[in-house]
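Take a look at the following structure, please.
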Amino acid sequence: MSVFWDAIKQAVALVVSGDSYVFGVMWMSLRVAGTATLLGMVVGIPIGSWLALRRFWGWGAAATVLNVGLMLPPVVVGLFVFLLLSRQGPLGSLSLLYSPTAMIIAEFFITAPVIAAITMGGVGSVPKEVRLQAMGLGASRWQTTWLVLREARVTLLSGIVAGFGAAISEVGAVRMVGGNLSVNGHNMTGTMTTATMALVTQGNYAMAVAFGLILLLLAFVITFVLTRTQQGIRRRWLQS
Amino acid sequence: MAAVVTDVETVMAHAGAGSSEVRSVAIAAEGLVKKYGKRTVVSVDSLQVFEGEVLAILGPNGAGKTTLFRLLALLERPDAGSVTYFGNPVDTHDLVARRRAAAVFQRPLLFQGSVEQNVGFGLRFRRLSRREARLKVHGTLDLMGASSLADADMRTLSGGEMQRVALARALVLEPDILFLDEPTSNLDVHVRRRFREDLRRVVGGLAATVVIITHEHNEALALAQRVAVIYEGSLVQIGTPQEVFTHPQNAFVADFTGAETIWHGEAVACREGLCTVRTRAGILVEAVADLDQGAPVVIAVRPEDVALAPADGGATPVVTSVRNRWCGVVDSVAPSGPLVRVVVRLDCEPGIEAVFGGEGEVISLITRASADELEIGPGRRVTASVKATALHVLAG
Amino acid sequence: MRATRVMKAFRPSRRTWLVAMLVLALALTVTAAASGCGGTEETATTSVVQSDLVLASTTSTQDSGLFDTLIPAFNAVYPQYTVKVVAVGSGEALKLGETGDADVLLVHSPAAEKIFMDNGFGLERKAVMYNDFIIVGPAADPAKIKGMTVAADAFAAIAKAEATFFSRGDDSGTNAKEKTIWKAANVTPSGAWYQTTGQGMGETLTITDQKGGYTLADRATYLSKKASLQLEILVEGDKALYNQYHVITVKAAKNGQGGIDFMNWIASDSVQKDLIATFGADKFGQPLFVPNAGQVE
């Protein structure tokens, strides 16, 4: 058990001392996952809502493909993006491999399907009559769509959180396209997850545990906020 | 919100007698057709809703009335035909037209939020300042007697309160046309009556044109100035409630508007406007009509037109002008509010061949007082009588 | 609502659900049981008691593919051991030996190994084989090091030209060698051109290749990945690039006997001559390692 305690003590010391590498890695994780999730929202929410609200020839296939997105193995995404950006690949000339941009691209393809699929489910559960009722009060199509999104907002929020969670905890894909590079002790493309893996291989358990603790803390904070928001909605209901 | 009068129809005024009135048309539908797959759900050749009137569209479930409502409210596109509001052709994309109307659905479908937020929903698209909107919202809630609910979260409301709020949400928009789809169907029975009274009061005070979809003839009778009966997607009769209920055009309308006893038969002989009809069950009926001999005919009797007299032993019948007197036995007695609904099996009529289905029964509605005094109960022998003028004779 | 109707179309009856769950549970149990049974074949005639043998080695050795040949051969002679090869940097391997998480080590970081033995963590240390390191880089060779004979000079040239150089930075044998060369060149590498990957040889080569930089690699790993790389060998042959592998049995080992068996086996004549000396010859045109057990310390 002392292995744990030692590592934890050293980890706390690292964080408290403001170690620049540790904070650099933390910031990279948040920045990459955050950007990818934002892009995932911008793309995923419209696609998910559109599939939930409209019907067209080939809808069944499109909906199935989207639901596959929930089960998409991230390592496959990583491989795909790696081949895309590698020197021999179609986008190789852009020299994007082993950069934060490459990691954002990979994580985007992980979060967007998750957000889209959950949005489709949430928006689809809003009864169709709600749309008609909104129209019956004079709402335009966009205003109706906005209302439906608002009615489904609890589910949408959990979809966004799920997407962010998938992004920030991703290891394999990020490692493949990010490379966990650093220069002179300054982090370049390492994230908490890939740095942890490398640190364990090197035997630097203290720093690895530091990142592990931060990731756990982040998970707790986000879950806490999400649960409070959902409960807040319920509490207002109970109070009135 | 002035109406544009370009289309004018001349009609006998329903209120006054004999005076002709020029009435402008709020909604006109021509050749409306809607299909779901292969099934034609609505096929209405022509329908006009006059400005300021309350029209009820009455029909059983599955008759297409909700679809017709959606087509008229511009919530669905017809497969064929057109709709005009105040003379201007409109369609589902016409936002300006849609904003002249407001709809209340069968289920209240309140949105997440407080009552005030719900009622103010439609006002957001109509360029009002927040203060103006608030004033209107509270004014309408007052009108509906729901001011106390203003801050409540919609999930805490009872069914009746929700429907009240849904109605307020539509009324606050001061629409030119108000659509109500089965406004009381979702309510508990004891709440329904009160709500219907409030509805009548509110609707009566509006200048707007009101279209009510319903499957209950009582509701149509209570609220509407004109009734359009819809059956299997088509309108089978339009007129004032009195016209439709007392002069149903066919068996379906008769049945649906409450003429509960329906007999099929053949005209035997007619003389000077009085016909004898033999029904399938062999009952002889005398009715006021003008028919060819042998013509198939449908007789409809409203329960409130059937009188009962005890018929056990001895008492000689009083001589009256009633031409139809049939003997039978009381099959069942059921309370219906302050009245009593009696089913009489006409098993002792001479010539009665078989008592099958409804062809051998007549249904009567009498006061509880009479039922008690005459001791009408199951098994009692009675004579059922109906005036020849009260029978509805319909084409077979 | 149509989405649920689509999903409802797929919803099987309650009984189908139960059967599916049962089959799934069964499949999982069988899989778990099968994987728990160890990797070697059970002979029908003799019942062999399996024991785990943890061999900590380096990523370079693993990436070269040597273990794919060695381990089955070892098991042919010693079927009772289930060999678990843990490929990490030499630094980490030595740490695993310290704590007894590994039973035997095959590493190539002489300085660190000596400290390990001096601290009394190891039982015995034997030389096994050697190969060499090479400096690889892009064909364009911006630092113009091609053909140099002294590794330290090449490193100095790279630093002067500030050409991109990728270091493993993971405390491995390769990393240790790299550091000694920088020291010999009297250069402390720093700057945006000197990047650290923190990963194994295979990954570092990929990164170096994709980014068109320089790196120090062991010949075995380079050759085994050559087909997918555009990097070329630019500097080789310097004595400083000599790379000696040792096998070390560990004091704190759980499976001490297994460790000793492995050490004796890998140092035995037949293994040295038949397996190690020939490994890679048919595939790469030259053997990747040169066996030298008993010839050096």
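Going in written order, the chains are labelled A, B and C, and every chain counts its residues from 1.
One rule holds in what follows: contacts are C-beta pairs under 8 Å (C-beta built on N, C-alpha and C of every residue); 3 or more make two chains touch, one makes a residue touch a chain.
Computed from a predicted model, the values in this text were never measured in an experiment.
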Touching chain A and also chain C, the following chains: none
Most remote chain, CA-based centroid, reference being chain C: B
Central chain (distance from its CA mean to the mean of all protein CA atoms): A
Whole-Å gap separating chain A and chain C, where each centre is the average of the chain's CA atoms: 33
Distance from the mean Cα position of chain B to that of chain A, given in whole angstrom: 57
Centre-of-Cα separation between chain C and chain B, whole angstrom: 86
Touching two or more other chains - residues of chain A: 127
Touch list for chain B against partner chain A, complex: 70, 73, 75, 95, 98-99, 101-105, 107, 109, 111-112, 114, 121-122, 125-126, 151-153, 155-156, 169-170, 173, 179
Chain A-facing residues of chain C, complex: 1-4, 6, 88-89, 91-92, 95, 169-171, 190-192, 194-200, 203, 207, 209-211, 230
Residue ranges of chain A in contact with chain C within the complex: 52, 55, 60, 63, 86-87, 97-98, 120-121, 124-125, 127-128, 175, 179-184, 188, 190, 195, 198-203
Of chain A, residues touching chain B in the complex: 127, 129-130, 132-140, 143, 147, 150-151, 236-237, 239-240
